């Protein structure tokens, strides 16, 4: 299990063909290589079944894409925090725009993640919701205006005020929360801009996973992370 | 990947501590042993993250506990049929009482499972719903009155008419569908009764997973399967 | 409470501004007028809060847009079948594409509707799902390919085979079920075509509600119903 | 439409038989009488179909039990804020424990309620979640530990710290938010205790609706409100 540091690039594999099964392993290997070469922290969030094969063989921090607000018991088809930890995950996305949770569930799942020592990265859609989540004490918040996800129009350029106001509101409530931003991040400039706006990293999906040359794109991203 | 035969005992690991992480591996090993010793088909449905470690190292048919009605794409935190197949699963539970799906989703997920060659086992709660599912052409239907799940009062004794009427209705609509029954199955007699009522196997969870001696219980189950 | 006859035109008010509050009352009055003038059966499905004001003052059959699979009890914010009946509804849409239900819920809600004497109109998305619903014994099935809803491209023209195969499959399973079709119905020709394909009516929303002159459009629809 | 004042007793009718259809009208009349006699503010939240008949004939503030995070459009079976307003509601419960919402939906629905001038009463399950909701700027928060709902063991006695900490946390974030508490409130003492702990009222359901003599119980409640 590889520890998480900031600044952080976190790659969401979603359920893309380019990041499923053997492709997931290949992509994870590329991520590991860039991370080692640039001495940066690049995490990845593969599909559930790919967590163990990656986490047990590579020195990259592996996140789940979702975890359920449950304790051990009768929850067929759900994702137990303990199962992620045992598989080698270091953290988990929570409340991604494609997998929103109810408010009380977010509270529960942040607590449960802490109990089993998983880094909680709660996704939010705007400043107000980011502030609400901050009161619940997650490790990280990743603000992503859903209307920009997958568009190639980066949040750091199209809606910088969402990022800066999130940073301001969240830090006021809970200065320990690490803030990432995401949505539309496809170029190294977007990463640099995200850091300038006060975040400590980015959450990226198609910008890397569906790039013609993920290695090249990610290398450029990582180089902007280290300055 | 190990093929599925009938009669079949299918063990649902749920999110029990006794079947998570290292315990999942141990329990899977016991299941493999009983299966080999008795020359019966015993499948298991572990949590998502435990599918690959088990399927890649043991000669048991591995099922997922749930799969989402999706094709590759932007579905963070969801379970893609292709990901299960790549991890070594041979099939999947669908619509378990703890993870019910919408009707149109069941239709989609049966089709998607067939496309990637996963055996679909759709759970139902009564005769009428079993008949409805039969029209959608799944590989198997597992009828489980939810009020008996986890009670230790077996469906084959408490509600035999649910089983016999399901067999009758389903076979009339689609004679190729394999029928299992579940809920409250804890003793070898319950397994024998299930087969007598016309099913080709059972879906079991706590009866095996939480047994003091899962090996012993499962051996007794398997012996009744082969008569 | 006004009885339902076939052939039937059923107007779904959705949550359109043109069919909310005072506008709902006005539109219901237009529907009542056309119905009386043409001696046809035209039902309407307004929003929940508009059911009582319409049902208690006009001679039109009023449907709910949704009902929950519950009995009286602690279900804050849910829609109890008994409450609809008491408000004067004669029936209810179930499982509309914008409000899909789980399979076991559809089974329950059809039974509960029958218990309180509400006509159940279950919406489906294709032939296979229509057949599945037919086994559950609803009063009516309204097949609507979701991809055509709101497009103005009518199901009776773009996908006639969905309609004819639904009629065939459903009648084979349960000849008592009344079949409607919907999606994209905007012209009188679409209504005529729907009847020719074997249905006993149509489910329409924007085609009437958002028409410049709902009275005129509906009159044309109704005239095709009676030939 | 009758305005809301504090202190406030808010009666949730749920989907109880005792508060459906004609019974809803009778109970609303009792509430109106007690309110007029004691010159206190007693609101009620009937089922959707009963809102208009009550709001248009009685001088009591009527709330919905739920509203959906939507604007006018294609949302069959959903509850549009505008429809509640048009029916005479003055406010709405949001996120009741029996009808939880996703976090981003709560944010949207508070904003939408304000746009149409509905008083938003967001239900929460504990102190942390109350603080999270406070950042979103609702009009009121009703904290109700779900494990006490319907038990007859009142939150103000069994878990006073949940109430006092909610008051403290919420007031710190947003002093304008009115705080109610609920769960298990069945006696006049529970109402008095709730006010002593810093709330401005209570949310009650079975304690009044299922009382042998709702008039008598409510009169006792109201008398404690006014001292």
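Per-chain residue numbering starts at 1, and chain names A, B, C and D are given in the order in which the chains are listed.
Following the convention adopted for this analysis, contacts are C-beta pairs under 8 Å (C-beta built on N, C-alpha and C of every residue); 3 or more make two chains touch, one makes a residue touch a chain.
Just so you know, these numbers come straight off a predicted model, no measurement behind them.
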Third chains touching both chain D and chain B: A, C
Partner chains that chain C and chain D have in common: none
Remotest chain, chain A as reference, centres from CA atoms: C
Distance between chain centroids, defined by C-alpha means - chain A, chain B (Å): 33
Inter-chain centre distance, chain A versus chain D - centres from mean C-alpha coordinates, in Å: 38
Between chain A and chain C, centroid-to-centroid distance (C-alpha), Å: 44
Residue numbers of chain D (touch at least two other chains): none
Arrangement of touching chains [line / ring / star / complete / other]: ring
Every chain pair in contact, whichever chains are involved: A-B, A-D, B-C, C-D
Residues of chain C that touch chain B when the two form their complex: 95, 100-107, 124-126, 128-129, 131-137, 169, 173
Chain A - residues contacting chain B, complex: 12, 14-17, 20-22, 45, 47-53, 64-66, 70, 72-80, 82-87, 89, 93, 96-99, 149-150, 205-206
